[in-house]
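Next up, some structures in structure tokens.
What follows is a pair of complexes built around subunit A, which joins subunit B in one and subunit C in the other.
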Partner chain A sequence: MIRLDPRTKLFLLLSVVLYTAFSETGIKDCAVIGFVTITGMLLGEFRKSIIPALIWFFLYFFALFGLPHIEGVIHTSLLAWLALIFKCYPCCMLAGIIIHSTQISEFMAGMAKMKIPRTIVIPLAVMFRYFPVVKEDWSYIRDAMALRGLRPTPLGFIKNPSAVIDALYVPMLVSASKTADELSLAAVTRGIETPRPRTSRLKIRFGSADIIILISYLGLIIFGIMG
Partner chain B sequence: MKERNEKGFSVRDLITIGIFGVLLLLCAMLTGGPFAAVPTLTFYYPIGAALLAGPVFMLFLAKVPKLGGLMIVGAVLCFLGTVTGMHWGMNIGYLICSCIAALFAGLKKFRNMGWNVLAYIIYSIGPMGTYIVFFFNRESWIGFMLKKGTEQEYIDQMSAVATVQTMIVMVVGTLIVALLSGMLGVKLMKKQFVKAGIAA
Partner chain C sequence: MTAELKKVSFSYEGSSEGALYDVDLKIRDGEFVVLIGKSGCGKTTITRLINGISPYYLKGDLTGEVLLGERPVGERKSYELAGIVGSVFQNPRTQFFNTDTDSELAFGLENMGMDADAIIRRMDEVTSEMDIAYLRDRNIFQLSGGEKQKIAFSGIYAARPEIYVLDEPSSNLDEKGIGLLKRSLEKIKAQGRTVLCAEHRLYYLADLADRFVWLKDGRIKGEFTQEEMLGFSDETLAEMGLRSVRETMTDPEKISYGDDDRKGLRLEHLELFRGKKRLNDEINISIPRGCVTGIVGENGVGKSTLLRTLAGLHSQYKGEIYLEGAKQNSGQLLKNSFMVMQDVNYQLFAESVYRECTLGQKGISKKQIEEVLTRLDLYGLKDRHPNTISGGQKQRLSIAVGLISNRDVILFDEPTSGLDAGNMRRVADIVMDLKRQDKYVIIVSHDQEFMNLCCDRIIAIHQSN
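For the complex of A and B:
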């Protein structure tokens, strides 16, 4: 098990994005998936790396050996769908591993070290914080709608469109606006406006593992684009 | 409370950007997700994604009426998309379309509702990036799955996937849905949020 710098992880993601952007789909992608799987296992994410890898190989063999036997419209639509899946799969898989193995504080400290401007960092930090809140709000909104006999489903929408729209958007947006005001006061109280650079208790630095992984992914891009 | 930091954004603006960014993203995922997962409907993801976010977008423009606000949303969505492994066509599409949308809405200082709806329509074009890249690059994406067929079969299947017709349905459908969603947003703004004093 190794630990990687969040900046290294970001670079790995970018390199896989570059690879998928400039290479043709084919057998090389299997090598990339193998690479990503090994990286994931080194990071200690066994479930997140082995299961997606198995799904990938299943889809890949299906595309090569099962798909030619299917005819007609299903064949065409599967062809397009699989093509899109294959293009996104390596990035999504690596992203799943990285998100699972990185803590948000670690990520933010990495961002601060990269000198990313605050206009980007603050919204991002708020977003991570706000995702679970929306989920919570959503269940309250659903309860409140049920009290009025409304349902946030397509069927409920057809029955009573304007009431559903009001009951859905108004509480969602009002609570979002209120949260924005409250969070900004809280953040200002905690000194988010200080002109000094952000400090962090977490020590973030490049180690030998980072260098080895970086070099191997650099090789991957060159191999992917040239070969 | 000091109102502005070095770039002309107050902390409140930045936090509002974060929160509305989440809502925009969730709205797109909620109705777009099912489209993307079903093989025959994959190409209509942008239509689904444009369906819900109109009112969120309108209120956002009212709350952060600054040129950079929408651009930062685009940049943040682009970054988040990259980190979560979305295809680069969509990420870059979001970034570019948000910037263009900001310019259009900014022409009228974010006060003219018609221009704001136009901005939302432009913003909704963002997720099409992936499919446009796919359309122009079909050969490298699906070529390996067709190696066994004859030459003619190959050409037939290549032209059957993502026909011009599919692309037109996708573009026109997205524009119409975005227009409706944006107009719903304007209506909700007038009916609810302006009266409640939230749109300020």
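For the complex of A and C:
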């Protein structure tokens, strides 16, 4: 297993974005997905790599062999939907792997090395911190809805759209604003506002793994744009 | 370091809650002071004036002087204060900036600009001093409340502050968690640090505190030494609006497994699972109508899962559940029971108290709703937005929803966490009222004082081996 510098990870994401912007959807994308899967596995994120890769190949084969047998409006809408999915898929998959494999402190240290101002870094860090809270909130909200006979499923939504929306977003907002207040007070009393440069316990630097991965992703962009 | 309030009056912007009037208080170097009094008496405000949260973040009008050592608090910037005052808050869930324990321990030190080797050395010292080797390099979301609070405390301890300010640190903790907290406090007291702690639960502080300062309506009403405090009877303390200073044990007469009542709510051979993990030994109990049953047990034994099962929200179990002879599946339980969640904010989402009661209900008359609202002392608030009423009122509104939808089984998950003595008694009164209405009431709580007050019997569930 390897460790990558957060700056390298940012570059990987950028290169995949560039690749998708300049290339047409096709068999090459399968190679990119393979690339991302290997990167994810090297980072130790097996679940976040293998499952999305399987879903991708399922969709891809469906587009090749299933889609031609479908006709009419369904064909057109599926085609448009799949085209959109195929465009976003590599970036989203890599982003998922990166977010999952990067600690907030690592991210902040990387950003500090790139001299990115704190007014940008801190809100981003808080956003990362907030994802797992949403996950916890979600399980409580689902319980609370069920107790009132509401279900956050498509069918439940059709039956009672306004109640389902209220039951979802009202508690989410209340919880978010409370969490944000408490979180920022805790951070302020621990000195986050200091104007001095922040240090880090993590010694972040480019290693040989970073260089190899960087070169291979650079190759990927060239291959995407030229080939 | 000393901390001092000189003729301090303070009121928050746009609210009279928690205001202070003409408070004089001097905390000596190395002293351990506990602030006591009802919710809203101003004890939290004092902690905020000392750690600088008020008036700089939670704004308000301040007159008088707040000094740390010889200097006014306001002369120091927030990041300078961070090195002197360590603040521990109520909710362990929102005290973390990071999602892993190691980063959290280092967070304050990194803000102070300490270099990497010194940080790592300090983290190792803290690990052995606070005895937290087993909590290193863990995901914070997988820790219990007590463990989270321990990490939060250790992260603050790592910065070696001179004075510790704690705001109801035990609110969300079970007995085990309080035990961990107490050990941390013993450690800093032995190191001669100054401690100021606002708290409702007093028993774990009784032998640590040098002085108790009693606040009422924003004024200091009295000061007591440890001996004086321990000399008060529980009745006297209740009159003062305070909780007991002695550790409350479960009333042994109430411990039971229930009688063989075929008519009530019966759990037979009930085993709970989370995924493949079996949580508890078989539960066999029966609960008659109009009986208040408390459930106790250690963290992780599945008390909350048991409540969720009875509410119809959790279906991974083996065994049977009968309600008055009829076997229940999750769908039926969902219709017959109602759970009042620990954080009721998740359960309220309509635009008014009245609308909250009609939402999703069919065939309920206006009169019925008004009756229930009156019974729970909410009728006067019926046009208010649920978000603007107090915590206790929200809790009662959630109960009202359960009553209006005609559920027979009412379940409570930790209904008194963070409540002062008066509010705790009010919850107990409501539970007694549900009992008079012949409901099945089941409560999961760590609050022994509360359980003894309103439960007819208490059942302990045990961990599966």
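Operating definition for what follows: the second predicted complex is superposed on the first by the 165 of 227 C-alpha atoms of A that agree within 3 Å, B and C clash if a C-alpha of one lies under 4 Å from a C-alpha of the other, contacts with A are read in each partner's own complex, and residues count from 1 in each chain.
In this section, a contact is a pair of C-beta atoms (placed from the backbone, for glycine too) under 8 Å apart; a residue touches a chain by one contact, two chains touch by 3 or more.
Since the structure is predicted, the reported quantities are computational estimates derived from the model, not experimental observations.
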Chain touching more of subunit A, residue-wise (subunit B, subunit C): B
Subunit B versus subunit C as contact partner of A:Ala144, first or second or both or neither: second
Which of subunit B and subunit C A:Ala63 touches, first, second, both or neither: first
Touching partner for A:Phe46 - first (subunit B), second (subunit C), both, neither: neither
Partner chain in contact with A:Leu79 - subunit B first, subunit C second, else both or neither: first
First (subunit B), second (subunit C), both or neither touched by A:Phe206: neither
Partner chain in contact with A:Asp166 - subunit B first, subunit C second, else both or neither: both
Contacts of A:Leu13 with subunit B and subunit C, given as first, second, both or neither: first
Which of subunit B and subunit C A:Ala95 touches, first, second, both or neither: first
Subunit A positions touched by subunit B in one structure and by subunit C in the second: 125, 129, 166, 170, 174, 179, 183-184, 187-188, 192-193, 195
Touch list for subunit A against partner subunit C, complex: 103-106, 125, 128-129, 132-133, 136-137, 140-141, 143-144, 146-150, 160, 163, 166-167, 170-171, 174-175, 178-179, 182-203
Parts of subunit C lying in touch with subunit A, wherever the complex brings them together: 51-53, 57, 77-79, 81-83, 85-87, 89, 91, 93-100, 102-103, 106-116, 119-120, 123, 141, 155-156, 159, 308, 311-313, 334, 338-339, 341, 343, 345-350, 359-360, 387, 401, 405
Of all residues in subunit A, those that touch subunit B in their complex: 10, 13-14, 17, 20-21, 23-27, 63-64, 67-68, 73-84, 86-88, 91-96, 98-99, 117-120, 122-127, 129-131, 134, 165-166, 169-170, 172-174, 176-177, 179-181, 183-184, 187-188, 192-193, 195
Residue ranges of subunit B touching subunit A (in the complex, touch as defined): 1-2, 5-7, 9-12, 14-23, 25-26, 39-40, 42-43, 55-56, 59, 63, 68, 72-73, 75-76, 79-80, 82-88, 130, 134, 138, 140-146, 148-149, 157, 160-162, 184, 188, 191-193, 196, 198
